[in-house]
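Structures given as structure tokens follow.
In the two assemblies presented below, subunit A is common to both, partnered first by subunit B and then by subunit C.
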Partner chain A sequence: MDITRRAFIKTAAAQSAVAAAAVLFPGISFGAWKNLDTSSGGIEWKKAPCRFCGTGCGLLVGVSLDRAVAVKGDPNCSVNKGLCCVKGYHSIQILYGNDRYRKALVRKNGELVETPIQEALDLVAEKMKETIKDHGKDAVSIYGSGQWSIPDGYAASKLFKGCIGTNNVEANARLCMASAVTGFMTSFGLDEPMGCYDDIDHADVFVTWGNNMAEMHPVLFSRMLANRKTKTHVKIIDFATRTTRTSQAADKSIIFSPQTDLAVANAICHEIIRNKWVNEDFVEKHVSFRKGKTNIGYGTEDHFKFTDKEETADFREYKAFLQDYTPEKVEKISGVPAKDIKYMAALYGDPDKKVTSFWCMGMNQHTRGTWINNLVYNIHLLVGKISTPGNSPFSLTGQPSACGTVREVGTLTHKLPHGVVANETARKLAAEIWQVPVENIDPKPSYHTVEMFRALDRGDIRFMWIQVTNPMVTMPNLKRYRKGAQKQGRFIVLSEIYPTPTSDIADVILPSALWVEREGFFGNSERRTQHNEQMVPPPGDAMCNTWQLIEVARRLGYEKQFPWIREAYIEDIWNEYIQFHDNPKHRMASYKELKARSGVQWPFVDGMETKWRFNPEYDPAAKGDGFDFYGKPDHKARIWIRPYEPAAEFPDNEYPLWLNTGRILEHWHTGSMTRRVPILHKSAPASYVEINPDDAGALGVTNGSRVKVSSRRGSVVMTASINGRGLPPKGMVFVPFFDENHLINEVTLDAFCPISKQPDYKKCAVRLERA
Partner chain B sequence: MGESDRKLGKLFLVFAAICIIALPFIVFSAISYEPDEMKVTVIAPQSRAFDENGDAVFQDYDRIAKEYLQGTSTERTLSEYYLRREYAGSPPYIPHKLEDESETEIDCLTCHAKGGWTEELERNTPLTPHPEHASCEQCHVKMTTEALFAANDWLSLPPPRLGRSYLPGAPSPIPHDLQMRGDCIACHVGPGTVTAIRVEHPSRGNCRQCHVPDLFDEPFKRK
Partner chain C sequence: MPVFSYLAYPVQGAKEELFNDLSALDYCEAMQAENKEVLILVTDTPDEKTEKALQKQLKTLKSLQSLGMTFGHTDQ
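After this line comes the complex of A and B, so read on.
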């Protein structure tokens, strides 16, 4: 207390001295920051995609004397048109945290010891060789990230899948976008949105499905608000499980009970059919009906396996299926009044309204994530509101390059840069471009992320290289996976920039060059690839992740596959990589083009970007009249019959509340970067549990008091937030996951969507106690 | 009571000492006016396209009462202005209490779009230069603590200096970027503005007839 007061008085004194001087000498101004010596001559502005979310804002980074000193929005970037959010404006401060890793560290007798980086890389290669010799190639693995730059993921896939011959390649995008991918693949046969952000300027109605855009994609959200302001008829409907800033700005907030979005989506379709709002011509020409397995499980047990069985259905069968989903019946399951369901159906069904649906983690982190993605596509397909400006089912991405590096490069166990490992043609193409024998590429996928960490726990995996992600904060049911990683005989290599809880389980830490300290590419939510040059030098021995992989690959004897020189490797990798996508459905821009422009959207054919796929008016790969869903052999999109099934775990007498988790505006993921940005930390210094005032009252908890949140897996004690930024309904609590000192993922459940294998961080059962 | 008096006394001593030590430096730097040195602090180059919201100046000029335009106060200083920022041009944090911590739009603009005296804070409200952006808390956040999670070795350029006229008595050029800050009236006119940068002639409505952006370091050269 005393220290705080003294610190306060000191600051106040300093400030008043400065203020007094400023009054005396108005020509002199003082900043709150330390000044760089400016004899260098001003600022040079260079373009880069933002380091944080999947929106992919264009930034201009001001560089002076090899330091990044200021940020402004890139007015030439059509994503954000010169506007950023608070994270973007302060993003460059992530480079300068005092505890940056500058040297490689190797664990010796339990302590991390500074080691020359070349020696650390020798050790990594040696350990990999030894593990492969003793336990086989499937005992080594790499776990990467949707924040990987594209060349990082490409080098990782080439090394592990092409050279070593194991499919143990996964990325944290499995935890954030896998259901979006399987949703796209099952409904359209091709991944990533058909529309683009321009849809925001054209739509008349926006429906946000479990998606707090005001905090998670703020720049797109304010573009939506700007559209509503200029066209007074525009409506925003927030369909969510909790009241957020997005609900407050929306014209209507509709709250549903967790997991029942499945039932409501079906009820909307029921209403559209009942009212004859179906676009019969569109459905007739461009849609075919499918059904799959039901009662598909939750994957909470080891070695869980599931393969869906796709069967043909028809419109009649689909209509019969929907009889169980009348608005009145669904009201009972979902808590959404039938009139609100009818209202949403009327908006989707109105032929004069262009409708854009947005979603992100609410629908993807869902034990029926693939299904709910399918069901929202069903709505858009029934009314034919797709692939035209403003009519857009839009799956937003969480991470800056989940699309670019994970989905497009295919850094997932079953994927290759083009196609899947199970497909012989795809394996042949990869082997040819990678210059490896085709037998090297294993046709059988190995472990998805959750199962990979289970395999590490069991001992099936012995070596794991983790890059650009912090799984010891983000894995659900965290305690099990931390214990597993710490077991004897496990070797963990971590490429990182700051100490995190994942550092605590690492045997080797390789210091990484971050963002604009190296050249690279990101790919955002709207199929846009963005290049950044290296603007400032990395600190100490810090090395680009791609180059770390190249160094190790060469030590393993793959000089032929990794021949690049330091001056041009990013460009060379890009030129090699885009051979995989050299067809009109996915052609990417050249290195030169990307360097010159503030991002380019693929398919990039004959110098033209494709804004709306599957529509011959905009997409050169689409043929014929109207629409061409060329991802499927019959050129038709799919309407899927998918029922409502309950969540893996739901409140009961012992654990009577739902736990929902997520992000907040100020912090990016686990906060390892944003917590080192002064203003972001000062604004949101610690995590908290949002409690409904009724629940808080019943428990006798007031705002700011300490509360213990526990589940069958673990517990965390934290501060209660009542009537704060978000308001969960009665029976639910919400906890942001950014805070490593309050590990909410020790409480969450590792149940996942059996099709996408993406865990559900939004639903498990907890109880609250006063602490 | 005596304890706190002693503390206050000490504080005054420290303050006086700081003033005395700082004075020669301040005076020296104020006198040693070097146009070349000034030039390097210009935040440049910038895009001229971002003068595109120039009509905001005219709209505000029409909209705002003469009395407001001529209003003055000394409550806001340039140092205070920069103490709320991480570099010249970054969005400032919210320095005051919020009624409802979760507000998203409109509420901020009820005061910051029109300015004027606020009873609760006993200050004049500064105007936003970009009222067209309604999702204020996307960029402006409230601080809830002073402590850091980890220290940061942050450096930036000094803010632009004032009084940078090229000739004695000539209008000074615009030393900052116009992106998001193209509405001169919001920051340079009225009682809510910073004393040091308030113009003395608020009755004139076409600022950029005299004040032009100082964009480039390089002097003109014939090809």
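After this line comes the complex of A and C, so read on.
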């Protein structure tokens, strides 16, 4: 049916009212909406997960005449219950920017020239063959993303790890959640949160650890506020390094000096023990103690290697270790008043309060990211507040499928879809499912992300295929890696939708189908897998990233491993992939089930989702009474002895300020999509540097004046923001990274957590000058 | 040809009555929230004169406590 202009305006009018209602009344539902749409003319509504952050909001996309024309929250999706954030409400506009890549481009004499896509794919395959022949299999690599749909990552892993035989597979999720993974693995032996978003409805206390949820996970934050509105005793504590919108909405804002969250977490445990708030029965039955290496370095040098050494410890040793972390001692390190540390400890320690801790980049982008994840688990384990409704240490993710594609499919150098490359059983399983000789799968991990770009700079890697990410904005210490990628003898393939700074280093650009222009799956922060069908055709020659990989794999001679047909390849890939997880600890829903529902949480066993893992009441894989941390051989979670250690770089006389970087509500990561949505761009057109008023006054800088931010690695000139949406403490500045015209990552440091290899974008030393 | 949308708040306990009142008016489409005490009203009138007349009619509804505009469009 055609749609008239008038009917479209009426639909927009109704949609605005629904959006306003959803903001005012979280969870509101309008059953008659569908009838109104029909009477207004010809819009078909189809479900899809939002393709921005890791929350995984369910959307309904209105499609008319092969075009997405409207979007609203899906009231049937338990994640958001009909609510969306400002990015979600404008999400369909990302499909229709004027400068979408519609044709393949190949660089000839320095210029990108339109080329038939089949010819471009021929060139990609030819260059891969040539590179492998001249430099070996470990000279080719693929760098993907937590925005990869699950079949994209699966096809990439199968091609590179299974067929070519290189572990040069990484994803930008290394930059945002690798520390969460190593935190889970070291504390529990299994990745991903034990709880779910229903914890928000049950908790009495929320502690946000360096996590500006009001801007980064606004729908979940709205659910927290809704809980507090209905239950007056509910408290939100924002524990952060700067004042944000989250702090403003919180009941209490506690500011700590960068990196000292390690000390404060230990001090909270010290207080819990001193006050006898330990859940002795839980600790006795379900916890064992460990310690690892200390003074572990920062990875700023090439070829940095680190392997932790896990040693058994005991409660007595742990108590003795915590004597260095009295609230009074930690106040001196962290700047957090001892009374505030005691207050936080009392909240965690109160047996009548259910406590949920949330964190994301603040804890993960940290040179001791694994440690701080361990330490927050320590707090929850000491008081036994875990794996029950409302009691949840909850690591949020930043990207729509960081969990689904990167963590579950295993698109990191050391991982396979089930297990790690170093494990023979995991290699055998992968070889069997992938139909490749087991010898193909290299047991040794190769390069994590930072080291992969260093290898490109050195010439150890010669070919890199980048899909769905923009590393020439996001890599820390960016100048080095841009220069490295532009060196002679490097060949870069980029699968993209819009021109970005990464296009400048590309030799071939393959136009990609985006989000609802192709069928796919995402996996969100609460172990929920979400399916979307293809709703509209992609523009021009744009092609699904999975199909690009299949086309190249066949050109490389892997027809047997990539036999699928266009009409059914996503379903066939799903059916092959879920064989890796066919056990009660991780069983996933069938294609049919996912197609019908607004997401399904795994483990999905006998038609039941698992909301709380490790608790036999909810988790079919857990056995016995109480809790069963079955990820570890002794079925016990770990409390880790991890000390405070300083940041890799900190302010000094020459560079006297901390630099913290991050995101804002309106823009998704590097802004390559949201900056093409007029209303989002207009609301935040350019990046800026937030400065404390005292520092600004000392420098003679006023709001809106131009300032140069410099580190030992580079500088950027931008506008000063004083008393804007965020307020850093004296001695710190904050810069959002969404703006490709102000590349703050030319200033940041490429230090990383030696265990997770995740860089720290939150701490380096800078100076300010008037520009 | 103005098009407007509103959140329509009923007086206490009169959601159903307000829905019936709004649905009975020309140029109005009403939609009830299933789980909250609020309705959505979309008006689509042919000209300014009719729009003003409709506004007057809306003010006479006893079941209506208040309207909050969420969208407005005119062809001028």
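Assume the second predicted complex is superposed on the first by the 730 of 771 C-alpha atoms of A that agree within 3 Å, B and C clash if a C-alpha of one lies under 4 Å from a C-alpha of the other, contacts with A are read in each partner's own complex, and residues count from 1 in each chain.
Operating definition for what follows: a contact is a pair of C-beta atoms (placed from the backbone, for glycine too) under 8 Å apart; a residue touches a chain by one contact, two chains touch by 3 or more.
Small disclaimer: the values here were computed from a predicted structure and weren't measured.
With both complexes superposed, B is the one of subunit B and subunit C in contact with more subunit A residues. Residue overlap on subunit A between the subunit B contacts of one complex and the subunit C contacts of the other covers 9, 13-14, 16-21, 24-25, 27-33, 36, 39. Of all the residues in subunit C, the ones that touch subunit A in their complex are 1, 3-7, 29, 31-36, 38, 40-42, 44, 68, 70-71, 73.
Subunit A contributes residues 7-9, 11, 13-36, 38-43, 45, 62, 64, 67, 69-73, 75, 82-86, 89-90, 93, 96-99, 214, 218-219, 221-222, 225-226, 229, 245-246, 248-249, 498, 665-666, 671, 675-685, 724-727 to its touches with subunit B in the complex.
Those residues of subunit A lying in contact with subunit C across their complex are 6, 9-10, 12-14, 16-21, 24-25, 27-33, 36, 39.
Subunit B contributes residues 7, 11, 14-15, 18-19, 22, 26-27, 29-30, 39-47, 49-50, 74, 77-80, 82-91, 93, 101-105, 132-135, 137-163, 177, 179-180, 195-196, 217 to its touches with subunit A in the complex.
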